[in-house]
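Pasting a structure here, questions to come.
Which chain is which? They are A, B, C, D, E, F, G and H, in the order written, and residues in each are numbered from 1.
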Amino acid sequence: MNLVVYLAGEIHTDWRETLTALAKEKNLPFTFVNPQTNHDRSDDIGEAIVGKQPNDLYRDKVASDVNNFRTTVLLEKADIVVAQFGEQYRQWNTAMDVTTAIQANKPTIIIRPDSLIHPLKELSNKANVTVESVEQAIEVLAYIFE
Amino acid sequence: MNLVVYLAGEIHTDWRETLTALAKEKNLPFTFVNPQTNHDRSDDIGEAIVGKQPNDLYRDKVASDVNNFRTTVLLEKADIVVAQFGEQYRQWNTAMDVTTAIQANKPTIIIRPDSLIHPLKELSNKANVTVESVEQAIEVLAYIFE
Amino acid sequence: MNLVVYLAGEIHTDWRETLTALAKEKNLPFTFVNPQTNHDRSDDIGEAIVGKQPNDLYRDKVASDVNNFRTTVLLEKADIVVAQFGEQYRQWNTAMDVTTAIQANKPTIIIRPDSLIHPLKELSNKANVTVESVEQAIEVLAYIFE
Amino acid sequence: MNLVVYLAGEIHTDWRETLTALAKEKNLPFTFVNPQTNHDRSDDIGEAIVGKQPNDLYRDKVASDVNNFRTTVLLEKADIVVAQFGEQYRQWNTAMDVTTAIQANKPTIIIRPDSLIHPLKELSNKANVTVESVEQAIEVLAYIFE
Amino acid sequence: MNLVVYLAGEIHTDWRETLTALAKEKNLPFTFVNPQTNHDRSDDIGEAIVGKQPNDLYRDKVASDVNNFRTTVLLEKADIVVAQFGEQYRQWNTAMDVTTAIQANKPTIIIRPDSLIHPLKELSNKANVTVESVEQAIEVLAYIFE
Amino acid sequence: MNLVVYLAGEIHTDWRETLTALAKEKNLPFTFVNPQTNHDRSDDIGEAIVGKQPNDLYRDKVASDVNNFRTTVLLEKADIVVAQFGEQYRQWNTAMDVTTAIQANKPTIIIRPDSLIHPLKELSNKANVTVESVEQAIEVLAYIFE
Amino acid sequence: MNLVVYLAGEIHTDWRETLTALAKEKNLPFTFVNPQTNHDRSDDIGEAIVGKQPNDLYRDKVASDVNNFRTTVLLEKADIVVAQFGEQYRQWNTAMDVTTAIQANKPTIIIRPDSLIHPLKELSNKANVTVESVEQAIEVLAYIFE
Amino acid sequence: MNLVVYLAGEIHTDWRETLTALAKEKNLPFTFVNPQTNHDRSDDIGEAIVGKQPNDLYRDKVASDVNNFRTTVLLEKADIVVAQFGEQYRQWNTAMDVTTAIQANKPTIIIRPDSLIHPLKELSNKANVTVESVEQAIEVLAYIFE
């Protein structure tokens, strides 16, 4: 039984690499997928494909078309979603990915620092598990196969 | 035909009053519902009901239990969701409410200032309409009955 | 038992008035709703609300945002969809409305002239009933209450 | 991770061959499926199986039975739908396939020439991405695996 | 709380009148709906609306279009389905109505004589309750309001 | 906005009367429904309708047919489920009612004494709110209308 | 792409063997599954497992428990349902299997002799394709892979 | 065709080993999964991952977070659920697992001693099959492949 895990959230730290390495170390049968983690590429992807748009609003519009397309394809294939929230940025698309997973009955783990307990309280409440570190998240994932 | 509209988002400005007044002025057949808009009450509601908790994490936990209960009841009755995002706070529960509505196929309007175009681009992309003001939102709502 | 009927399709003939009048004559307990039937208003609605867009593509984009918002609200409330296809225009949003209704298990009647039998064959095949005139459609609707 | 892509729409140009060749060139892990692309076969399939029908209406009826059977089987297996609209024909079954995919939460790309922007505006608005060429569509598909 | 009860099945006995009268006697808050119970009208309805068809197969086809339209509208509004199976006819549309109700999670009562226990065993097994008489069925319905 | 509240669980104490009285006192717009609360009637209902069965297994079988029929009808109409677990009995049908509500996305409140914290931990974890008294439950319900 | 085909219906003729042999001849990538086709075994399976029951009603009850269990498992795995109706027996479980498949959006083919056109008209109307012979059914199945 | 079977319920007897061994003996193509069957580990898993909690209520809360996460992942992958209820403990999470499976249309077998017929009657009524021993359960499972 191989499970697909979608790694949502923060793209400016190397938490995905850490988590993936730990899973490999433990020989856990997961396939990891994720949103575009190159921030510039993600902002530019719309214009890169359909060409220069008349203003920033529409530059963002065509980028989000393609980003949401990608996310929807991969999220649909995922059995589990792990999302890391960080201090930087508003990360509303992370909140959107997590909620989409919850509504589709996909089990969800949130990783967040103590400082975000309060603003994330309603979303944490709907996710299955909330932890503070990648190490804790991998223990939750490993528990499936105990 | 009376429609229920859930007004998600910002609770520190009077946008709900403005929107409701405009709807009344135009005799639009809407019933408006909303999350708890008293911030302190919303933070305190858990302990107010089940008593003092051992720490802030669990104070937030019991509050979010009751807030999510309320939101789920009202969102389930809503035909339409209008959400205003503002500059203040991270508003992840607003993003959660909007995504929940989208996943449940409820038509959704986002109101946000220009400054939030970029961080909201993926969520705007999934909502039906994004506008910049309450006045524009009410015009979208009024269009249903033209 | 009052039923809501969404009248999709052709907006350049008076078939909705004819059908509504016939329903009234027969005292059938239907509430009729429809897409925006003023073609110019429907094309202009986006810019009328959010202002002039940089080009025709985006003029159409903001119009379709609001038109789809309206349609989704009303279609969701409908118990039945009746759609008239005519010779003019490509009417892809009519095909979209009918398919949306079919996928949501809403009973559907298509009205179309003989000349459109062939191009509409797959869609007719999925709708419940296909007829050639408003008079026939009203007989199908009346049959519910016999 | 192999993904199934349903190629809906136009059957009188070789866009499927172009798209498939480009995917192969880029080693993208897609399996492509499509509706019957032989127009005569598609029109004749009903009578070919159940025999001569009394008139054209019923010739079309038995053909659409079998075409919709095929399409439903393959669309159900698809992870993604790409649909090309062209200038010729009314293509209501293409609009039907795209809407069916959207309602089933399957990510969707529309390819259409500039001349069809206006009549397709509501359907484009519901699809994830709209582009003008097969080359752009393949870039969107490739982006999933970046 | 008023509940809609769809009375499926046998149309050659007066069981619907008996059941309805008993419900009235007990002041039970039910609205009863049913398929077309005039057998000839039900067989003729297609041709009555769209005109004479080339053969019996297509006469039946157009009749079943309209009958299924009617049934789907009313079944969708029903909270409960009661179906009486009798000795006469094959009653496959009754089995279809009951199964449709079961799949849509609508509580279902089957009424059938002892002689039909064996052929109905799998369908009875999926319905909530199977009884032998209208009097027993009305007791089950009355139990909701005790 | 009137909401239907299904009161699942314990039938040997008067918690439903207390809760209903408190709701009336506060003028809360709820309609309360519940399972059969007369234990003997609930055990006997099957045989009372279809007659004496050959053994206790089948006496229980016909009773549960009718009880599940009733529960499904009323649970389907409910917007909210409140369930009280007590020390007595195994109450597996209460656990079933609560889980059915949760799976159908109906907001759920569990009332249970401290002594049941441990055995109910997984079910509490899925319900929206868990409290210890009817008074607390009514405060959660009242919060919807603040 | 391998597809699972559930062969519902008639168990007293060798139509399944004919169909399977034809599929093999044409190298069609189907896996065929079916209900229990040994009539005696199917009637006896309940008592064979849980022991002698007090009467025929309950003998049938325990048999249908196990038969419905089997059918539900296999139908859930099926991509396509083919059902043959014959002259013998009432075949209500075949009607139930077909309707279950239709409600679950599984493409469905009915095979029936001319003599059953009329009693099957409403069910045929909901299935995708109705044919008169196994040979025709296999042509419909083969068309998927053209 | 390999099927995944989730073995819910009792963790203090070796029924899972017996059932698995019998399946192996019969060469049945099942993959078995189960909840955490080490009781202490299951009670401790929350604190083992996120650390000591302020009291028993919250110790149980964090344990149930992780247990429900695990169960949801595995139940979602299951084609069939078999649940054994025993005399010991209240087993509300077993009732929850079974109901979740039933609501998700997953075929379900309950194993229980005679002494639990009465308290389990409503849940048994919703499951497909109820038996008294592992040997009987394996016969039901084997019947799928006859």
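We adopt the following convention: a contact is a pair of C-beta atoms (placed from the backbone, for glycine too) under 8 Å apart; a residue touches a chain by one contact, two chains touch by 3 or more.
Just so it is clear, the structure is predicted and the values come from calculations on it, not from any experiment.
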Chains in contact with chain C and also with chain H, listed by label, are A, B
Ordered by label, the neighbours common to chain C and chain G are D, E
Note to self: chain G rotates onto chain H (CA fit) by an angle, in degrees and to the nearest 5, of 90
Among G-H, A-B or D-G, the pair repeating the C-D interface (over half the contact pairs identical) is A-B
Per the C-alpha centroid definition, the whole-Å distance linking chain D and chain E comes out as 39
Expressed in whole Å, how far the mean CA point of chain A lies from that of chain F is 38
Cα centre of chain C to Cα centre of chain F, whole Å, reads 43
Listed in rising order, chain G residues that touch 2 or more other chains are 61, 65, 68
Every touching pair of chains is listed here as A-B, A-C, A-D, A-H, B-C, B-F, B-H, C-D, C-E, D-E, D-G, E-F, E-G, F-G, F-H, G-H
Chain C contacts chain B in the complex at 4, 31, 33, 36, 38, 41, 45, 48-50, 65-66, 68-70, 72-74, 76-77
Per the touch rule, the chain E residues reaching chain D in their complex are 54-55, 58, 61
Per the touch rule, the chain D residues reaching chain A in their complex are 1, 3, 79-80, 105-107, 109, 128-132, 136, 139-140, 143-144, 146
Listed in rising order, chain C residues that touch chain D in their complex are 56-57, 60-61, 63-65, 67-68, 71, 89-93, 95-96, 98-100, 103-104, 116-126
